[in-house]
Amino acid sequence: MDDLITQITAHYNYWMVIILMMIGLYITISRGNLIKKIVGLNIFQTSVFMFYISMGKVTGGTAPILTGNPDEVYSNPLPHVLILTAIVVGIATTSLALALAVRIREAYGTIEEDELLTIERDAEAAEDKI
Amino acid sequence: MPQFIAQHLPILQVIVPLIAAPFCALISVRNGAWWLAFVTSLVTFAISVLLFAATFDGEIISYHLGGWAPPIGIEYRVDMLNAFVLTIVSGTGVLTLLYARASVAHEVDAKQHGLFYTAFVLCLTGLLGVTITGDAFNVFVFLEISSLATYAIVASGAKTDRRALTAAYNYLIMGTIGATFFVIGLGLLYMITGTLNMADLAQRLLEHGDSRTLRMGYAFILVGLGLKLAMFPLHQWLPNAYTYAPSAVSAFLSATATKVAIYVLLRFLFSVFGFSIPFEADILFLVVLPLALAGSLIGAYIATYQDNLKRLLAYSSISQIGAMLIGVSMLSASGLMAAIIHLFNHAVTKASLYMVAGAYAKEAGTVSIRELRGVGRDMPFTTAAFVVGGMSLIGIPLTVGFISKWYLVEAALMRGWWPVVIVIVVSSLIALIYVGKFIEAAYMHPAPQGIIRREAPLTMLIPMWIFAGLSLFFGINSSLTSEAAARAAQGLVAASSLIWQ
Amino acid sequence: MTNYITRSVLIVLGLICIGLAAVDLYVARHSSLGFDSIPFFYCVLGFIAYAALIFMAKALRRVISRPENYYGLQAIDSESEAKHD
Amino acid sequence: MTNLVMPSLVYFAAACLAPLIPHARLRAVLLLGVPVLAAATFFSATYGTSHILPLFDTHLKIFRLDALSYVFALVFSLAAFLSLLYAAHIRDRLEQVSTLIYAGSAIGAVFAGDLVTLFVFWEGTAIASVFLIWSRRTEGSYATGLRYITAQIASGLLLLIGIVLFYHDTGSVAFERMTLDSTATWCIFIAFGIKCAFPLLHNWLQDSYPAATLTGTVTLSAFTTKLAVYALARGFAGTEYLIYIGAVMTLFPVFFAAIENNLRRVLSYSLNNQLGFMVVGVGIGTPLALDGTVAHAFAHVIYKSLLFMSVGAVLYRTGTDKASELGGLWKSMPLTMVLCIVGAMSISAFPLFSGFIAKSLIVSASEPYLWVWFALMIASVGVLEHAGIKIPFSMFFGHRSAADAPKVEEAPLHMIIAMSFAAGLCIAIGVWPENLYAILPYPVDYVPYTTAHVVTQLQLLFFAILAFALLMRFGLYPLEYRSINLEFDWLYRRFLPRLVSRLAMRVTHAWRSLAGRTTAIATRILSYSPPANSASTGTMVLWIAILLGIVLCLAYL
């Protein structure tokens, strides 16, 4: 039992990441509103950012700035830097997705996926009948 | 050629289109954006041809970004395989841009042309970057550059059909999840190796041996890339995206985007993971092979039901991607060679076919097969190009499709996989049905009343027929492509730690 | 008139056959088969084979004959002849 | 030899250019030049192989001219010329183009030095020829054309599979003599067999040839099956199975032909029977037998065209090709009658006609196989019955007197010319056989005109005619009435579809009574169309999650 608890607590950051990731994916799957889907996607991506950042953390390490002390323990800066790039990508994705949502709203008058699907399937059925 | 340029070819391959892209949006001269994009693509094509020539004899070019040596700095690494893919991507870029001028003018609003070509060139940049880089995280960044640009250019088809918007949205959600999976996989690999340089990764993974983290990383990367390359059943974003995107975009993407994703998959499977641990090959055999077989049959089967020509071609693409994955999952030098040569052959064929569809969209105003009845008489050259491409999809001799099918069947026979051979043959037969369906409509039926259709303009016909001609030329004389594919396959084989029969 | 022609054709034919049968006696055959040198072998063969063939075909027709529209629109048999221009 | 233009290319170029000529009559006249021009490219060329292309690890030999391919290409050129001349009144560009592509492909296939090239032209003949059927433009011809092309594509597919396997086994795609010792060669053999209308694989022939346009049938009769004979002669000469297959092929069609009402179908059965002679010749495989096969194919293409042309001419004038509707036309179409009888006498192998000097070679070669020789003898009588007597008799005399027959004009001039040309060739070959013998693949020292041979042949034929006359006289000869005859194709045209639909009904019925509640689901499954329409994002993401789960589980195992 103790083992299990240690297992869970020692890797609590990964559990957080997994929970966040599942929440994000679940929202993307279950919500019909396009904006909510984008939010879900954001949560999903955030979990990955957390994953990278916590991965680079070294217990007791400080920020990776040269202090002159040779015994100083640093956190690994590379994952942090990488995730900066990923965040930029994430922002770009979100903004593009939001822009698309706006355009969809303009073109269809709705951003509810079930309504969009009804409209599109009607259009397909009409094409099939011509 | 000045020594300086020769030394920096690998970075120029990416940097030239990257710098040119924003200027496309800024130029206000009429057609200026197109000209700039076209010239840029010409330059990138020239560079990739030079790289292809430099690596053809087996040399590997390693370029250190900013002078930082790998594994610390980012490395651009060009060998036979990615020089081959680079040439496909940039060559397709040149021809689709040539084609795009007339086609895009018809399908996209004039005031959006600047942004459209910006996104197009960015997409080209991303695809070239993915292919050329030797750094795993760099792959992700370029993958996202190309994907984001792709979503935008797919959505620009909204002028013809608003469904382009929802298609782009779906593509975005799916693509982002795929890319994020890929990043998760990279993170897991980084956790156990502490490096992101591919060559270094491979080395350290080999030393590291088996672990759960590695297995998870493998699974995430496989699924993430499977999504990007539209592996069945992760293909659902593809049909709508290719159907409603502007035709030039469909032609470009079908020839490049999924192909580059397959290249990345090959690179990771063979060069990075290298099959040093049995589970890697097992998963390929247990998951990818059945899915590839199912994809090649179901994709073709669904295609036979389509009335929209572009959607028909999209499902046919899913079927052909299945064929490539069959070649990959054979895990033999000959299977790999079949996959690589099919990658090229399918790019050429599909590009010409989408160009045909685009010509119909422009001149006949429809891509519905039913409404295109009798089009063979009104647009003889365009429809003839379709016949050539269609024959190649079926795999009739003297077309590149036959060469691919031949190597694929040969590779399957070498492994003694009879059921696979049957699946390949059956999916070709189904291709016969859907290609035949269109050809019958185009030639055997009279045109609907009161419709005027003229032959497509030369700027569309020329690139279309260059692709169609290539699919005939390399179908008759396949020595160059098969040699390149064989060498690329040998390179991958040598990099992996599988014991080859 | 017709009867006359028919009869004369039959007579001529009969004469030819008698002539050919007569020649048979004077022609030496040396084929590798051997048994065909039996007198009138080919005459008998031709006559019997023909008659047998006709009777067997007639019997066959009893079994397999069907109306022209048997296969419906899937066949050309019941179509009125298309115009040939 | 080195810089030879490929004859098939001449046809293809003409097929591309011909539709551009606006004036129909001019077009028809110019088309006549195509076979002549194409034949001129190889007529006096020296034997050899050229147009070699690299493919995979081997080479394609696109053009191989030797004694065997020379004869077949020559007779195909002749047939193409005759068909185009006979079809000079046709305005339909589609039919003209497909005739050219068809003939060009057949000639290309004959010159193919490797199996891949052979396959390309093989499929070319299949695809081009179906348009000759569809050109009739009726519902029935459309359905028939589909059945025809299915058989042809099946043949092509088997050939392709065979080639791939053959390459896999031997590393070569050269088209040389093969032995039936592997799946590969069996596939190729059956592919040839379908085109050659082997027994039980033959139905496409009798089904489709009467369905083509009247000019199309003439063209069809010349190429496809003779190409198959050529391929067998090249690839499988001396294969013993072929002797027995051929013997069956000569025999069974004669019974069906005797009671068939549609005269073009009678000729199709006759074609099948004649192919049997050639297949026997290939199977025996001695130089004499092979020479016989080639000579017979050569003579056959001409007289069978002539017969189809004469039936076509009658069809053109009267609008029907059914024996029950015809008769007594000798007065209104005397020239056609004479020419038809020349064809009939040729196919029945009367001395001084081409059939005699060709068939004799095969019959003599078959003497070591007693029963086969006997079968060929009976089949010869059968040929006389359906092609020699029934065809001219039912059209020009038959149950109707000249007075009752509809008053129609003589066949058009170009048809008469085409038929006369063919008839002239039949007689010329029959009278001067040495010219044909000179171009056969092996040296011939065979003398067809010996007293014994002429006499026995005449005895056989005249006593058969006597039997006919007596049967006629006593009213025992079967009169034709409007009907069709069931054939082996009943199995797949009637029995199997019915069986399947019955089974499907049974299954559905059982299913429904078994579980009333699942009926709704069953109907939904049955009416399921592939999910081609837009899927929701949620579904797509769910698939990713599922697949990831599977891969993760597998990775952990």
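Order as written gives the chain letters A, B, C and D; numbering starts at 1 within each chain.
One rule holds for everything that comes next: a residue touches a chain if its C-beta (ideal position, glycine included) is under 8 Å from a C-beta of that chain, and two chains touch if they have at least 3 such contacts.
Since the structure is predicted, the reported quantities are computational estimates derived from the model, not experimental observations.
Any chain bridging chain C and chain D, meaning touching each of them, is missing here; the list is empty. Interface comparison, B-D versus A-B: the pair with the greater number of contacting C-beta pairs is B-D.
Averaged C-alpha coordinates give centres for chain B and chain C that are 68 Å from one another. The distance from the centre of chain B to the centre of chain D, with each centre set as the mean of the Cα atoms, comes to 44 Å. The distance from the centre of chain A to the centre of chain B, with each centre set as the mean of the Cα atoms, comes to 27 Å.
Centre-to-centre separation of chain A and chain C, using mean CA positions: 89 Å. The multi-chain contact residues of chain A, meaning those touching 2 or more other chains, are 25, 28, 37, 120. Listed for chain B are residues 163, 166, 169, 173, 177, each touching two or more other chains.
None of the residues of chain C touches two or more other chains. Because contacts link the chains in a way that matches no line, ring, star or complete pattern, their graph is best described as other.
In summary, the structure contains touching chain pairs A-B, A-D, B-D, C-D. For chain B in complex with chain A, the touching residues are 137, 140-141, 144, 148, 151-152, 155, 158, 162-163, 165-166, 168-169, 172-173, 176-177, 179-180, 183-184, 187, 190-191, 196, 307-308, 368, 370-371. Listed in rising order, the residues of chain A touching chain D in the complex are 25, 28-32, 37, 113-114, 117, 120-121, 124. In the complex of the two chains, the chain D residues touching chain C come out as 89-91, 136-141, 143-144, 207, 210-211, 213-215, 254-256, 258-259, 262, 315-316, 319-321, 367-368, 370, 373, 377-378, 381-382, 384-385, 401, 451-452, 455-469, 471, 473, 476-478, 482-487, 493-494.
Listing the residues of chain C that touch chain D in their complex gives 2, 6, 9-10, 13-14, 16-17, 20-21, 23-24, 27-33, 36, 40-47, 49-51, 53-58, 60-61, 63-68, 70-71, 73-79, 81-82, 84-85. By the touch rule above, chain B contacts chain D in their complex via residues 163, 166, 169-170, 173-174, 177-178, 181, 212, 215-216, 218-220, 222-223, 226-227, 233-234, 236-237, 239-240, 279, 282-283, 286-287, 298, 301-302, 305-306, 311, 315, 396-398, 406, 409-410, 413-414, 425, 429, 432, 444, 476-479, 482.
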